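So that we are looking at the same thing, I have put the structure below in structure tokens.
We call the chains A, B, C, D, E and F, going by the order they appear; numbering starts again at 1 in every chain.
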């Protein structure tokens, strides 16, 4: 069960409100790299977690933290919209080129939300929940979470660069820091489970007889004119799951048939000529 | 530039066509764990790849392979739809309960595609390209790819369990194998770049002065009644990026202010009582 | 800031797990009438609330409650999926018609979530955040909330009827009760603001000179063959905002011009014949 | 059955075409507060209306009016796009900063529609029909409609403020007026059915034994540090449905269990460590 | 401006209500081949039509007809849902396998709409307005419309085959007939404009100097092992626009460069190793 | 199976990078008129093609070409983003009005992709696969393809006009040329099948007894005040399928009943007053 306290998790200060930056900041709320995504992803993973109870607890605890991030980011967007132009006159007053601000901000920050945050990204596209990845497999989920926190920290770093506002830089430096920890903690779960070698291939519960193992360890070069790139993934080095060695196939020959569906059935809605 | 050869990458055989399994199989084509996603994700990552040319090449080569996976899975769906009922009579003939098949299959496999695969998932929801994750950061992208291949191999394993059809099991065992390799190869890129320690925190190019480092290494317990779960992520162990040690904060106090937006502006469309 | 305690807000018990009912129950989580919607809607309204602080507090408190509803409903879905078939053999064992269960359940409850709840509706369509209505106008928002709770209680009542499971009926009777209160409380906010008469027309801050008042109080009968339906909204009764009386217009004549855009411009991509 | 006459319902005049305002105006066509939404919502409610025939007639009549609103708004968008720049030279000619107009307008107004309206909102996001709320419950539907007209009138008022164009202000004043009436008429239907007290709780047909009435009339304070806000919704005042009195619960204790799903099943695609 | 008359355009009769067929029928309302699509497509094309006024009139007239099709199809869905099970007992009573009906119908036909049509397709996916194709180019639009009516007639024919119900077959035979005419009429517009030869290439207003004509008339064989398929499109026959002759290129050599983006910029959020 | 060669199909050169044009160019990648759409559409049509093998081959060959178009357009977007501002200072340096560039470009080109192409349109809306039209009917599919190539060539022509950049104009002139051929080739398939007359009505396999032929050949004038537009589609001229002559109906009378659903069922979640 959830509870709330009235103060924000972290202080939000905007020295110079900027409605265009408000639009950019939305990516951290409703973007695929944003906080709604991680909050909901961790919560749904927690609700489906089977096995070691500690991971469920971690997931729910961090989900709860992420809901608090949505909250202070929402406040940051609203503060950046203070004073945003409600009319062409106001837009003109703030800028010598009429329309530069009205053209550059998210129109719906005035029209739909009345100068407040929305659950949308920097293009105004609403977040949709198909981005909540929760597979029921703890290793797949931890990788998904480390991925989300990586993209999240990339985003926070880019937003940090984008603004000159001291208050915003301070808030973003907090987000950058928390994303650092969240990357660490999800990868640490994999360590706790024996590390990458033990976790791979995900799922590690698939019986080997379900796998055409002769196809499991070669890099497939599908290029007609490029040599196989060399590296850790080639040259008979040990694979990361400890089961085999990496090889490569340069000369690709299809192994399957030429597909053929024959004639269309009567009554199937095709043209007569297909039947 | 792309080229094509007429044979499938792998042989597809369906011993007993099953329109309900065709619906399930769609998840591997148009689901978030499916082949359209990885094909397009690798292609867009390749198109935005900066730095070491080998990674761009790997991405484009594997993107090309994944397009071939879409192709043979599409054939598998079509073969499972051979003989699917085009009318209630046909449905009744196949099953003693009229409608069990018509109710259980994807209606659009008859109505929209005429007994062929579609770019949709097992619920008939079309794939959308917001799931193509390509950040321009090679580490974030490699984690995203390992994640996608993990969810993909979980899916392929579940589909393998779901069916009794030998041909389908054979094809799925090939997919399971290729997903094994793809997990390996993307994680191997991180190894090539110095390993997880060097890669973290992602992006590793963010200057430390952009980060509120005092918040970077504690696990935040937001629960009112649960102790902090113990593990690799606690107890002063070294963090995975080698920069610090893990700690935890049990007693959470908000650090920010009570948010307050004051009165609504005149002309902002609020109720008078808010102004 | 948010916090969490480990127990659910309400006890969840499933006497006879039913994967088809699990699919139905998803509507209460990820449907437009569901809990993700109200939780997020109240939270975003709170974050944009201007004026009387009490309403912001109410919104955040009830948002917090709704997150707890997602949590116990998520558990209810998972419990209904216990024992769901992972293979055609398991499906056959449970039901004499092979495929009836596999056809009737949400495939992604096995394939994607591994027997756990997802943020999708009963058709498997993911919730999307465009349904979060938060206008910055307290009256419009309260109506939106009463609407959401009405549709929510309709849904809970229908789900109650759909199931025979005692545990599920008990849980749903709790949801029905809370939706009762939530309807009451949002409408009570309008009372607190002076009642419907004072609130209308929403927004009540629009100056009358912005309104073509001669068009504000007639019901427009656009039918060619039906008389105007009579009722509270006709016959010179007082309007609900106390500003006028209701009338009706039976004979509709367009007041505008025949629209005409003329020729297409050169270079606009039209056909030559349009230019 | 529908019919059409060639003139617009209301005259549309644009004194100074403005492609940025055309982008804003799209919200009134394809936004969630817009005319496609209400037109389709009333039509689908009408098609599912059971009981008193007058309400079905009202719904279809007003749906028909709303289709006419789409029509004149579409013309208004096209007129605002007259003269919009088709090339960088044209953009430069109109404004001293090259790109200010090309950057601020909706690119698809040139690229996709050739200077005409589209069924999208002010961000260019297409309207989707999940926003058509039609529950089959007349009270829930009337609240939904009053909500839609409230958000619609808020939007029209904001657009009115945004523009200096006299023709546009005139057209918007007509929309503001019609939204006034539509708010009135949908709420009047609830009056006709006995008023809010009789309508609540929605649905009023749910038997009381389906409701855990001990949870139906308290406001739940989920905050750890804020007192319950006082008002109409507290202090033993009579509830709006006349069935009880309002109370509040300040001290929240979860009533449910700690959720626990146990081990993952063999064959479910989880990691071995979860089994 | 739109008007309405109370009778349906065509009589709707359902002899044996069938909730599974109701689900199928939804494709004709809210599918990409359905009536919402064509109604809205013709209306938006009409609103953007420039040039010959006759085409705008035709578009609006047929848009109006299509709204009437939505209306009677909506009634057909509702009639098919009469008697649909509202509980497991009712489902069991109708069918010896509990759940066969509950599993096969669209759950939201009970849960969300209360036994009425919805603006969704046969998978329950809501229609979205991105499918409204209106380019401002009359030839492109006419092809889009002939396409839509072709897919629509394919769908209607498949639905006709799917059902045994005489009333439904009668209604569908009307739809099949109207789709016949609508195909004819949109292609007739192209005839009126001089026929396919004059219309091609679309847009026919693009100056030839904007086109790399040396690439305009060869079929590109991108296959490594298949010969170029022979037909009207090869062998120096005259092209359909009368400007040239068809040829083919068998041996494909890329004409462009190897793409190369160089190093990532400082501050761009990439990994250090990319810079 | 697919293969790749390292060079682009066509040379891409950007003389003056322009981040606002990069946003516009996205329409050609991820718009409904763009290359992802045609690539995937032809591939799915190929995978479902029944009947004459040549058409499957053509479809797969051209799908393969379109994947190559995505590739060079992706490069063009990235090249236009070279030097795009990563901070407000950089934006200010490039333009005297701070924010004109930051406001006009797609924020996600910095925030999400790190200066690279994305699978989105010019509004930043991701492409979704519901736009892949593949019916299993060869004539319907060929019309859909000619439509897509028409909208595509309209788009390419508009983009050509929009830019001053010589490199971009050159690349677009190639796209314009290829779209010319693709229009030709898909229509040529219909010629090969006997031409439009033989193909119509689509599907031509629907038995005449499934069609209410008395409704198949009149244009329905649904206007109350406009005469029927005259043209190829009226006046007893021969219809394009050679089966009949065109007529028109001016005076429209509904042929159906007044729809009526009666009372709501008990337990259906309606209000009591509806029952």
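FYI, contacts are C-beta pairs under 8 Å (C-beta built on N, C-alpha and C of every residue); 3 or more make two chains touch, one makes a residue touch a chain.
Just so it is clear, the model here is predicted, and its values are computed rather than measured.
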Please state, in steps, how far subunit F lies from subunit C along the shortest route of touching chains.
1
Shared interface numbers for subunit D and subunit F above half of all numbers used, same, or below, different?
different
Expressed in whole Å, how far the mean CA point of subunit A lies from that of subunit F is 29
If you average the CA atoms of subunit A and of subunit B, how far apart do the two points sit, in angstrom?
10
Per-residue overlap in subunit B, given as positions that touch at least 2 other chains:
1-9, 32-33, 47-48, 50, 53, 57, 60-61, 64-65, 68, 71, 75, 78, 86-87, 97, 100, 103-104, 110, 112, 114-116, 120, 123-126, 128, 130, 135-137, 139, 154-155, 157-158, 161, 202-203, 205-206, 222-224, 226, 254, 256, 259, 261, 264, 267-270
Which category does the touching pattern between chains fall into here: line, ring, star, complete, or other?
complete
Taking the touch rule as given, give the residues of subunit B at its contact with subunit D in the complex, in rising order.
154-155, 157-158, 161, 267-269
Which of the residues in subunit B come into contact with subunit E in the complex?
1-7, 47-53, 86-89, 97, 99-100, 102-104, 106-108, 110-112, 114, 120, 123-126, 135-139, 193-194, 199, 202-206
Parts of subunit D lying in touch with subunit C, wherever the complex brings them together
3, 5-12, 32-33, 53-55, 57-58, 60-62, 64-65, 68, 71-72, 75, 78, 86-87, 110, 114-116, 125, 128, 130-131, 133, 135-137, 139-140, 143-144, 146-147, 149-151, 153-154, 157, 160, 169-170, 172-174, 176-181, 183-185, 187-189, 191-192, 196, 200-203, 205-206, 210-224, 226, 229-233, 239-241, 246, 254-259, 261, 264-265, 267-270
Per the touch rule above, subunit C residues touching subunit A in the complex are 1-9, 30, 36, 40, 43-44, 47-48, 50, 57, 60-61, 63-65, 67-68, 70-71, 74-75, 78, 112-120, 126-130, 132, 134-137
Touching subunit B in the complex, subunit E uses residues 18, 20, 23-24, 27, 31-33, 95-97, 100-101, 103-105, 121-125, 154-155, 158-159, 161-164, 222-226, 252, 254, 256, 259-264, 266, 268-275
